[in-house]
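Each of the two complexes below includes chain A, the first together with chain B, the second together with chain C.
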Partner chain A sequence: MHYISTLIATVIAIVLGMGLAPLLDGISRKVKARLQYRQGPPIVQTFYDLAKLLRMESVLPTESRLFVLAPYIAFASALAAMTTLPIGTIQPLSFTGDIFVFLYVLAMVSISMMLAGFVVPNTYSGIGANREMMLILSIEPVLGMGIGILALLTGSLSLIDIMRGIATLDFYKLLFAIVAYLLLMYAIYVEGGFIPFDVAEAETEILEGPLCEYSGRLLGFFKWALLIKRVVLVWLYSSLIVIPIVTALKLGAYLSFIVTFILQLFLTVVMYVGIAVIEALNARYRIDHVISYNTRVLLVSILIFIVVAVSVYV
Partner chain B sequence: MLPILGTISVFKLNLFELSLILYLVAIVIGIASRGSKAGANLSFAITALAALLLLPIPFIYGFLSAEPIELSLWMFGTSIPIYIDALSAVLIFVISILTLTSSIYSISYMEYYHEIGMFGYFAALFSLFSVSMILVVTVNSALWFLFMWEVMTLASYFLINWEYVEESVRRAAWKYFISMHFLSTLPLVLAIAALVTITGVDSLTELRTVTPTLDPRLIAVLHLLFLIGFGAKAGAVPLHFWLPDAHPAAPSNVSALLSGAMIKVAVYGLLRFCAFVLPISYVLGLAIAVIGTISLMVGTLTALRQTDAKRLLAYHSVGQMGYIWLGVGTGLALAAIGNPLAVVGLVAGLYHLINHALFKGLLFLSAGSILFRTRTRDLNVIGGLARYMPYTAALTLIAALSIAGVPPFNGFVSKWLIYESTFLSGNGILVFCGVMALFISAATLASFIKFYTTAFGGVPKVESREVPSSMLFGKSILAALCIITGVIPITVLNLLLAASKTIAPIAPPTALTVTISFVTVAGISTFIPLLLIVTMAVLLLLGFAIAVPRGRVVAPWDCGERVELKHYKLLALHYYRTYEEYIHALYELSHKLSEGFGHALIKTAYFLANASNTVATTLSRRITGAALSRAMKALASASDAMASALSGKAIGNALSRIMWALATASDAVASTLSGKAISSALSRVMQALAIASDAVATALTRASVSMVRGIGEFVLHNLKEFYADEAVFSSVVNALHGIARFLAWTVLRTDINTFMSYSALFILMISLLVIALVVGVTP
Partner chain C sequence: MSRSGVVTIDEVLADLKARFGDKIVDIKKLTPNQLEIVTTRDAAPDMALYLIRKYRDCEAHLSNHVATDEREINGHFGVSYWISINAGKGDLWIAVKTYLPPDDPKIKSITPEYPGANWYEREARDVIGIEPEGHPDPRKLVVPDDLPEGVYPLRRDYPHYAKHITEPKYEFKEPEKYEVIVPFGPYHVSLDEPAHFRLYVEGEEIVDVDYRGFYSYRGIEKLAESRLTVKQVPFIAERICGICGFTHSTAYCQAVEAAAEIEVPERAEYIRTIMLEIERLHSHLLWIGIACHLVGFDTGFMHAWRIRERVMWLAERLTGNRKTYGMNVVGGVRRDILEYRRKMVLDTLRELKAEYKSLVDMVLSTRTFVKRCEGVGVLPYDKACAYGTVGPLARGSGRKIDTRKDHPYAAYKYVDFKVPVYTEGDVLARAMVRIEEVWESIWIIEQALDKLPGGPIVAEVRDIPPYREAVGYTEAPRGENVHYVMTGPGNRVYRYRARAATFNNLPAAPEMLKGYTVADAPLIVASIDPCYSCTERVIVVNVKSGEKRVLTQSELVRLSRKKSMRLGL
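Here is the complex of A and B:
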């Protein structure tokens, strides 16, 4: 029974990752269009786009095998990261439940994109990959501070244990946890490459950066992988909010699974729409602005971290 | 343990002894073959065989959980006590695997240095370097440890200085020589001398039983001295300034051994002396963790903007050593307060030690391959080598992904364990260190993406071809190990668990559970590398099932003309510019710090030289001469007495004879000089002054003579008790004599004035400090 439920959860995770990504992108496009007084494309437009791209063969700028493999690795890593997140209250059949393993596997999407971007002799690709790396460099410590605070508060690094641990915290520690959540929200937003942090794949400025030389099915896979990565990040965040609440409610096993899953799904859509609104109202930052903002957030997060570390110690 | 080694013995020798004999054979063949390439190759082959014979030892510890082995080796007419436990086995694994691979690699690679010639000497030194490291990590005597440490330093100095025709290489080697003696050998001599004189025990295992009764303040001082001594050797910031010069200057096969093995030996020394011989301390653990964090930040962020392939790798050695220190320090700090996670920290640090040896060795050998074919290390100049060197490119990619910590390669698992131990420690400082380690992991990734894509990505800028198969073979072994130790961590984790138990026996095994596929920390956080690979494979197949990769390669054109593609690739120079500009202040600070230390060292040397010069010129030459001669005579007689009392052998006599000769000569010079000056009026005033200061000088001389005698008697009194066996001491003296000869050989190669002034200064410093120490500890 246990294995069957985890196996089902794994399949759900993969299907969710593959299906939800284009759908949410379609919703996001619609929301942005309505905000800009446009009709906008149908909600399933991204599915059409991907289906069309995946049917076309690619024009390759290089003989490098890395260039051909990179979109597939990105696609597989994004889905693999999805299988480490809780679906409802069930942990899918997975190689880990640990937050660092999750982050590193998800980072492989960016790594394959950067390797592909740097390998081709194209300045725009290089600049895009360059920016992606600098973005990661500047946001990584903020992400680490957020995780560090949660680890100090809950004494765990397992995703599901952190989420359940939050539910048992007292009032003051809960306040710290909320601050850590805000840091994580910022870090996840930047990592997801949403506007105004979409400097790496800036369409109008550097022709989508690392994707510049991609075409046909390889481009399709890369776009899909990047959309799945966003879904994974938003799903992580919605789980971080939903699971502590449901754990605190102390429902029965079956009911809590259903409630958690519905809430996860609902919150993911809501947050995606919220992000679409932010995206529609903002223009892209320059990379030096991004680094500068991230560093300011880092300084604030270090101060918060010191307060938390001292208070936990006391 | 011994029976296990014994059952597979040949000619009643166990594997360890057999391997040492092969090493000696390799050294002898190397020296005998001088400039012959064939002789050198034979020597490399025997060295590789000797290293291969050592490889079963770590496996016995990993899978049969054997007891420590104690041997005594008969060498140079004396016995060297040997003690091999799991901690030594870890280092034996690292040293022997790197010696094996870089020996195989060397056979073809040394052709690059055909202008230097002397292949045989190189092979002999290479073998000596390797065997000295093996002995450092296995010897069970504090003084023999020091001796082997010095042999290791000297052998590596000659190897770094190999391309001595280059001015930059000579300077780098010289910087290495000076900083190692001032910052590593000197503190270690002081610490070990104090430890041995105070306790009266030389054996490390026996020392362990007596140290808990020592004064805690003394233990703190010893901890500090060991931290400086081993920290300088390991390239810990701020004592790392020599490393980015010395490691790239050496031939690449030596760089692999330097960065892969030698700096790890310093970690072994630190653990052996600070956590095995001396009791563990919480503060020391925390200090090691913090130093490690500073090292990993400074080293890696500085590496980010390097464009010289080997210099980039050398800065990463500083950075990755920081990870090792962080893991080990966390382990020690937690072990001191009885936290069960200590074992995770120690295992993580040692795991990263092995991993860094594997991938950094491989990366240096790859940089050597690039150098071998393109004759350049500048990443701005090369490019597109993947077309000509596909295998080297693939092997480099494996190493680059491993060091960047991409799952499922080995670097990921060790870094993950470091994060687990720091983040779960519940200690704010350690968690902060962990956050910085996480951040720097991204910087490492950035740096190695740059390294790989600038050298192998893009279109070729220069013609090239694949390196010879022996070089590829050496690298393939390391690459295979990078994958195996990452995918099946149990291959090394069992050994590491055994090693961590020698340091922190209190930690319960539940903190880290390892099976063939699982690694579980504290019973909660699990990672299953094999399942990750299966998941990735299934998902990749899913991707291929949706659409197989299909496409055609088309060359770009512009207005009907083909475009020259090589101008469209970013140069290494242009990578991460904005970010580097943003953290410019950090670079300046670390630059100032590291340069400051280097300059301070040299400035101190010059200041001392100048000061003594001024003192000498201020006093009348006659007085100085007379006082000098008297002092020398006193020293000579004292040292004569000491030497004859100690060994009564020729060496003491020779030394005293030289001193007498010097004294007479300086006396003669002094009287000649004063004879010329006597006619002037000034000289009369000087004479008056001279008579006064003569009296002072005489008094001082008397006092110093009695002091020297006192010290001599004290040392004699102590030493005689420990060294009833005179053969030991005479062999040490003989060995020192050999080192002096080696030094004389280098004088021919380096600037003689610098050499003499530094040597004199070095001896002066050591003797002053030893005197201060001996006076300080005498009741």
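Here is the complex of A and C:
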């Protein structure tokens, strides 16, 4: 029985990731358009775009198999990351240490993008891959630290247990948890590559960097993967907010599942709209700006991590 | 310099006579403010350099450099250096001219000492065959890669229909050991016209830049000299640029008017001024939008262009065209600004002011945008002078020059306006100059409408006397445009040399790019302000029935010809 329910939950997570990503992007485009006094494309436009790209054949600029594999690896990794997040109150792949799996598969999306950029003899791809690398090296640790602090506070290494554990924290630990939430907010925004942090795929500067040489189906999968990655990040954050609250309410199993799921969905859309507004009102940073911000945030997060570790275990 | 600080013709002449003495062959006063000094081949480059250096305080620079093929007149090639005295220190243009024998057309290059002459001398070599001796970078500039050696398209004996197709040949700079080449263009999302910047990069830092452009060199000058009459050229001059075309046709018309001593009616001068400023408004708004887009700030881009649409609409109502107004003719303008339109213009400007203010507030309060522009692409004052940069680029680097103030043309002598100057020399300074110029443009249009005098809009133009020379000049949105015209027999143009502002500004781009990153390159290049074409359209609306009808091309041509005939063209 356990295997079947896991299987069903996994399928739901995958479908949700694949469907939600283009839809949220469509909403984001519409919001930006309205802020710019434009009509904007229909909300399902990103579905049309992806459908068009997936039907088209790709042009291969290199012999390397990695070039062909990279979009699929990115796509699979992004979906795998989605399955380690709680959908409602059910986490399809839940085990002790799943936070590490989550961080690894999430990083795989960026890594496959870097590989794709380095494997083609194109300067713009190279620059884009280079920027992606710098970005990931400086922001992924912040994400890790943020989740790590929460893991320390709740004494668990499984995402759903961490989230539930937050509901039972005492006042002082809750203060630390709030700091961790702020760190995570920054990390998720940067990691998602939203403006002003979209340096790696900057279109007007380096022609979308690693995606520069991609076309057709491969480009479609890459874009889809990047969109799913954004959904994963935002979904993680909305779960971090919703699940502790619903746990504290102590509802019945079915009711809490439904309430959690609706709230997760609602919060994800709200946050996506909020992000779209921030994106519309900002220009892009340069990579050196981004790195200097990230380094500062990283130092702060390491300090907090140490303080938490000391206060919890000593 | 005299006590009032203003340079006069007599003063310049006395000084040159004292210094160069018998080397001066001839002195011609072309127009009240244009002086031509004919000198020997050896003395000409020195004299040009001497003038640029002597009047450095007056922001003097090389404004034009014209090579002429005068073999059928006097058996020689001509070279003239046009130097302008700016900064409000005297409305004066000095041409240093010399003649070269056709079998040995060589002249000393002044580029090693004045880098602003680099492109001018290369162009003279490409199109007429004047060899600059000692030029540090004697590669091709304007002619295509596949034009064979020894073919000079602007010589009079070269037919305008000639074709050459050979193997393309062009040599770029070799990269150093650790440098990576980043090709920025010919086609790049942030370049609106084909131009190739070859960036030599270490990491993300730009260490060297090579430039190859002129991919869209259309030979307009050749066409003007060989196919068209003096009165037809304004229409092709307007098509030099898709964005600031009107300043080009104005510059051309003014050159001919100066050479042929045609007095333009005051009303026409005012109408030209109004249209020039409307053009500046649309051009600057366009630029603000592009700058926002390049740094990923699309909201600023969309709003700037939404506001710009009002200006385009206004231009269409006043001239019939959104762009490429087709208003200028030698001696005046073709279309009057009718009395009832005055209110329409003022109403539009009022709405524009309110919207523009909120746009500027929004753009300048966007921290990420300002951060990207600040301290980027710095062009120091001395470099700005050395390259003879003009327009907002020069004014952003502290050069207090504006052709409208320094050499008042059209109706600018009757109106009051400020010239914003910034000394930081970065992209933000250039942006600020443009942002403030929009306010001045609106103010100029309001004044001009208020003072608009009555009378005719076009002067009667009889035959144009042959072999007269003069320059016409305007302050385009991008800087000073200088058009040189030498009239020929039979109401033709003997030599036409149109120098757009970007010709002076672009050679300074490598200086601005070096030391910055690839991410800054599009913004820095755009901060000079490149141009591109907009479409035009005509719809005739029947006011009573509200019925719309789009004119066909032949109908348009017929109507246009009818109008020209009415004006006696």
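Convention: the second predicted complex is superposed on the first by the 294 of 314 C-alpha atoms of A that agree within 3 Å, B and C clash if a C-alpha of one lies under 4 Å from a C-alpha of the other, contacts with A are read in each partner's own complex, and residues count from 1 in each chain.
Just so we're on the same page, contacts are C-beta pairs under 8 Å (C-beta built on N, C-alpha and C of every residue); 3 or more make two chains touch, one makes a residue touch a chain.
Note that the structure is a prediction, hence the values are computed from the model and not measured.
When the two complexes are overlaid on their common chain A, residue A:Y37 makes contact with chain C while staying clear of chain B.
When the two complexes are superposed, the chain touching more residues of chain A, out of chain B and chain C, is B. When the shared chain is aligned, chain C comes close enough to touch A:V199, but chain B does not. Once the two complexes are overlaid on the shared chain, A:N282 sits against chain C while remaining clear of chain B. Of the two partner chains placed by the overlay, only chain B lies in contact with A:I111; chain C stays clear of it. After overlaying the two complexes on the shared chain, residue contacts for A:I291 are found with chain B alone; chain C is out of touch. Shared-chain residue A:T123: touches chain B and chain C both.
By the touch criterion defined above, A:L207 lies against chain C but remains apart from chain B after alignment on the C-alpha atoms of chain A.
The residues of chain A shared by its contacts with chain B and with chain C are 123, 126-127, 130, 287-288. If you check the complex, the residues on chain A that touch chain B are 14, 54-55, 57-64, 66, 68-69, 72-73, 75-77, 79-80, 83, 94-98, 100-101, 104-105, 107-108, 111, 114-115, 118-123, 126-127, 129-130, 133-134, 136-138, 140-141, 143-145, 147-148, 151-152, 155-158, 161, 215-218, 220-221, 287-288, 291-292, 295, 305-306, 308-310, 312-313. Interface residues of chain C, counted against chain A in their complex, comprise 180-183, 188-190, 201, 204, 292-303, 306, 366, 368-369, 371-372, 517-522. Here chain B touches chain A in the complex through residues 386-387, 397, 404-407, 412, 416, 419-420, 423-424, 426-429, 431-432, 434-436, 438-439, 441-443, 445-446, 449-450, 452-454, 457-459, 521, 524-532, 535-536, 539-540, 542-544, 546-547, 549-554, 556, 565-566, 568-570, 574-579, 582, going by the rule given at the top. Only residues 32, 35-38, 123-124, 126-127, 130, 195-196, 198-199, 202-207, 280-289 of chain A touch chain C when the two sit together in their complex.
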